[in-house]
Amino acid sequence: MSQAHQLDKFEAADFINRTHKPIPRSYGDALLAAAKKDERIVALTADLATPTETDIFRDELPERYHNVGIAEANMIGLASGMARAGEIPFVHTFCSFATKRCYDQITMQAAYPNLPIKIVGFLPGVATLLGVSHQAIEDVAIMRAIPNLVVLDPSGPEYHASAVDAALAHDGPVYIRLKRPETPPENDIVPKELRKGEGILAREGGDLTIIAAGLSVTEALAAADRLAADGIEASVVDMASIKPLDAGLVIDRAKATGAIVTAENHSVIGGLGSAVAEVLCDAGIGLPFKRVGLADRFAEGGSTPYLMKKYGLDSTAIIKAARDVFGKKG
Amino acid sequence: MSQADNPKRNIAELESIAAKLRLRVAEMVAPTGQGYVQQGLGSADIFTALYFAEARVDPGNPDWEDRDRVFLTTAHNTAIFYAALAERGFFETGRLSTYCEDGSPLEINASERMGRFVEATCGSLGQGLSVAVGAALAAKRQGRPTRCYVVLGDGEMQEGQVWEALMSAGAWGLDNLCVILDFNEMQCEGHMDNVVSLRPVADKLESFGFAVHDIDGNDMASILNALDAARETKGKPTFINAKTLVGKGVPALEGFMAHQLMFPPEVAENAIAVLKENLS
Amino acid sequence: MLLEGETTFDGAPFDGISFDLCSRRKDVVMVSADLSKYTQIIRVKEELPDQHLDVGMAEQNLISVAAGVAKAGFVPVATTFAVYATRRAYDQMVICMGTSPHTSIVVGFTPGIANPARIHHQAAEDLGMLRSVPNATVIDPMDVTDFKQALDVAVDLPGLVYMRGHRGNTPRLLDPQKFKFELGRTYRLRSGSGTGIIATGHATQWALEASGILEDRGIDHSLLHVPTIKPVDETGLADFCFAHDRIVTIENHQIVTGLGSLVAEVVSDVGGGPRITRLGVPGSWAPGGTLPYIREQLGLDAAGLADRIREAGR
Amino acid sequence: MSTGSNSRVPDLEILAAKIRRNTLDICMQRGGYAGQGVALADIAACLYFDELRTDGKGWFHDRFVLSNGHDAIMTYAALAEHGSYTLEELRTYNADGTKIDQSPIEGQLGFEITAGSLGQGPSQAAGIAWAERQRGTDKRIYCLFSDGELQEGNVWEAAMFAAHQKLSNLVYIIDNNDLQASGATTNVMSVEPVPEKFEAFGFFARRVDGNSVTEVLDAFEEAKSVAGKPYVMVCDTRIFVGIDCLREALPMAHYVAQNAADWEAGLAEIDAKVAALTGEA
């Protein structure tokens, strides 16, 4: 059923790795380790083993690995059948296809029956060379609207192992949007913890709060550093759990700092920014607020730093928004 | 599982069960006129064969892990489905009268809130087969004797996902999967050949790696033979192309292409009378 | 701009709207995925067969074929249930239509809870899905008049236009003599102070019912109809919000990502602003059944809404 | 079967060699889908320089729909010979900020649809074919997609529709290279027998050596003679066919990183081939 077909070594240079040097597979290793402990875990992919770091799973546990071909809708259905038979399927493809291509199947066959299907997407937001068809700039918006589904957007590889744990800890469907580094990291990756429903206060400051998720967290922290140099102290929240959202932390920070900027590698419509706006409006908290994200347009392909800069998602854009809301506080 | 639950092959007995289920279908739909009469009457023999002769299921223990799984992917064909389940003992026959009532779990499209005997919620057409393929694959890996049966609609085969699932089942050689096509030639817009034709069915399925049987889906012996052959086929999934007649059993309704027939009271009355007569 | 007197109904509004459009515009093609009867384009199918195309029960194909038809010089109007157009063929809508300059219209019928067959036929997330597609136009008309006029505007818009449709007994509420659909414009149906109600699509009908009850009870309020979800007149929307003490949004949709979120975004962008209570499908699955039954279960029936609006105002 | 097209063969083989060379030239800058571009060179030469009729204004009368985004390299390499792009601009392929996207969007010269989300081209091509027929034009519609895309259900929806509508102005060209992102298609999820599947779906199907100019031309010719049905040519190709040193080094390369191949050796080989072909011609 599964094949241990070894790809040519040159193909290690997949769509994501820009260096042709080995890149640590924080997610792939964590999944394999979890699977070795839990018999029920199976992995599926729609033709994307290496780019989703599941080639190691394929090679080590071939009888629990299924490459279903380029057929995402079928993959979700298969996972559903497996979950109904007592397995815990992790399905893998790019974020764009893991959501837009099989949304009905996710709703019907994973979320409605509340099955433990873990949908793991790679290439979140604009972060891909592969252009518009591979960009998931609306995945958070559409996945957030599905009842029962948990949405996690970890900020870096140090959280990937924890994301696997959090996904397993939730007895139901989970969507995880992951970004593999494009180049080998300079330092060793030290695992950190994230939890469903909890934001991480990554930096504390009293002048405003930047609530960020995924790739935008690094940018937010860089922005906070530069703002601090000018005497503006920003709190930074890593909102890895976009759904359920840590509303308590949002309200707490809103009250403590009086101004909020959201930052996300996603369209400004429907994603983290909207989720935070909903919480604030529900609570009747009116304050200076700004959403940093992709400004309702399609992006092209390119390197991640290039795209983050070009589309106004980087620290410079966050600083501008932060100054703006800080100024409005009066 | 007791011997009494094991496959029975008494054709006369099965035909009389099918006749009873047909009557139930008409009775369930008659009060409101809502429900799928034509499809239910047409596929009564398939459901009878599946639930009363073929599938290893246990109404006393619907969660039984080694059970065979029956997937109704044409989830709107519920009148016959519920009638068969009730008759088989999965729930009280009396509950059939709540069919399509607000708040009743016997909804027009079957959903899992009914209980584990609804193996998947399938009202969005074309999805159930993938779920069944996944379950069949899992059963293989777990070494279970489980067989997966899928009742598929012909119109539904226009959905691309069905072909994704067929391709994977064929490529993986899932001989514990048996797909039964309720080939009634009818879809919303009418006769399927006027919408987008599926023909030739057998050629398509053979090219996707299935063992194919073309049968009369209203002939009990043919259905049983095909199911037997499916069980004996190794290394390939089976596809039973069961030609059925919509409205079967009520002459006034036979062959009448109405996807969502509003069942007029006088027609219902006549149908019930005819079906009662057949029974006795 | 509302019609006075007893409300009248059109039993199959799109049959007339689509036939009228296709008769005037020979470049328009109605495309169906086996649901011509259920989306009510039977007159076109029978009387203008050259302007009707059925792709069978294959919604991804429906959207992609329609996109191809657009690329060859026609204006396709792809029709199916909202749930299938969006959940089933979302990627095709984004890529084949959303990235194209050619006019491609998708009309999704029985949106939100307007379908008795619960989850698999109910599209309570479609507005949010389409709102997040760059450049897309998203319209949720409230009645026959709104629907007809919006479609007339849509056929001349570039790119992807997603519109929610009405079928079956649809009320005529707006006066075609006085109402003129303009893209992005918002319409004030009741003027008052205190609570500002913002609604769209089917929910504007419900809001009108609730408004009647509130009026009888002497509760001051305004009602704003927002047929265009995208692009919307953000300034007008914000002005309306800031002119009221509190805002209640009502939509035939999940309370996340749709109209409620749109209003929350617009208000937050300005900063400050009133409390916003979002009413709709509350982050769970709606039940199946008749529309009155589902509305009641979700507190979206006229009395339930009136109570909740009053409650929000306290 | 011969259709008298043989006189054109040597010229097209030269063009194919040049397209191969252009592919390497473009991909060696920053990496790319070189193997596919090289393998599709013969089909590209036949398509752009023989089969597609010109509109007399420097472009084409017939329409070509590319479904598989990464095969865009084929179109770029061919249009460089056609003169629609310069090699200089194409060398920015894969660079930040370039207009030469790896996977182009609709409106980019040479691209009718936004490709890259697999399996959507065949439907759009069928829609175009239906609409062109409806408008009464004589345009023929060609759609290239890959064997891996056959795993997408959308393709079978399209096939069923195209056959039902008897779209005889539609030709599907399948790049049957037995390679997809995660390995050999046969191993991942076998799609064979491809011609039998399409025949069962109502097409006139023919298996073709996609690297034989003669066979490709014959198939294009045959497609025009088939009435009442769409036509599919299942073109067997293999990555890097025509440049032996790269073919040997990278037999399974779905994507080739810039520093993963000996581009100079490849160029030397193809330059020698071009010289030999033009010398003989």
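As written, the chains take the letters A, B, C and D, and residue 1 is the first residue of each chain.
One rule holds for everything that comes next: a residue touches a chain if its C-beta (ideal position, glycine included) is under 8 Å from a C-beta of that chain, and two chains touch if they have at least 3 such contacts.
This one's a predicted model, so the numbers in the text were calculated from it and none came from an experiment.
Traced through touching neighbours, the fewest hops from chain B to chain D number 1.
Chain centres here are Cα means. That of chain B falls 36 Å from that of chain C. For the pair chain A and chain B, the distance between C-alpha centroids works out to 41 Å.
For chain B, residues that reach two or more other chains under the stated contact definition are 111, 121-124, 126, 158-161, 164, 167-168, 171, 196.
Each of residues 105, 114, 116-117, 119, 151-154, 157, 160-161, 164, 189, 191 in chain D touches at least two other chains. In chain A, the positions touching at least two other chains are 68-69, 71, 73-74, 96-97, 101, 104, 108, 112, 132-133, 298.
A complete topology is adopted by the chain contact network, contact being made between every pair of chains. Across the complex, chain B meets chain A through its residues 65, 111-112, 119-124, 127-139, 141-142, 144, 146, 148, 160-161, 164-165, 167-168, 171-172.
Against chain A, the residues of chain D that register as touching in their complex are 31, 69, 94, 96-97, 101-105, 114-119, 148-149, 151-153, 180-185, 187-189, 191, 249-261. For chain A in complex with chain D, the residues that touch the partner chain are 3, 5, 7-8, 10-11, 13-15, 17-18, 20, 45, 47-51, 67-71, 73-74, 96-97, 101, 129-134, 298, 300-303, 306-307, 310. Of all residues in chain C, only 32, 34-38, 54-61, 83-84, 87-88, 116-121, 287-290, 293 touch chain B in the complex they form. Every residue of chain A that touches chain B in the complex is listed here, in rising order: 1, 42, 63-64, 66, 68-69, 71, 73-87, 89, 104-105, 108-109, 112-113.
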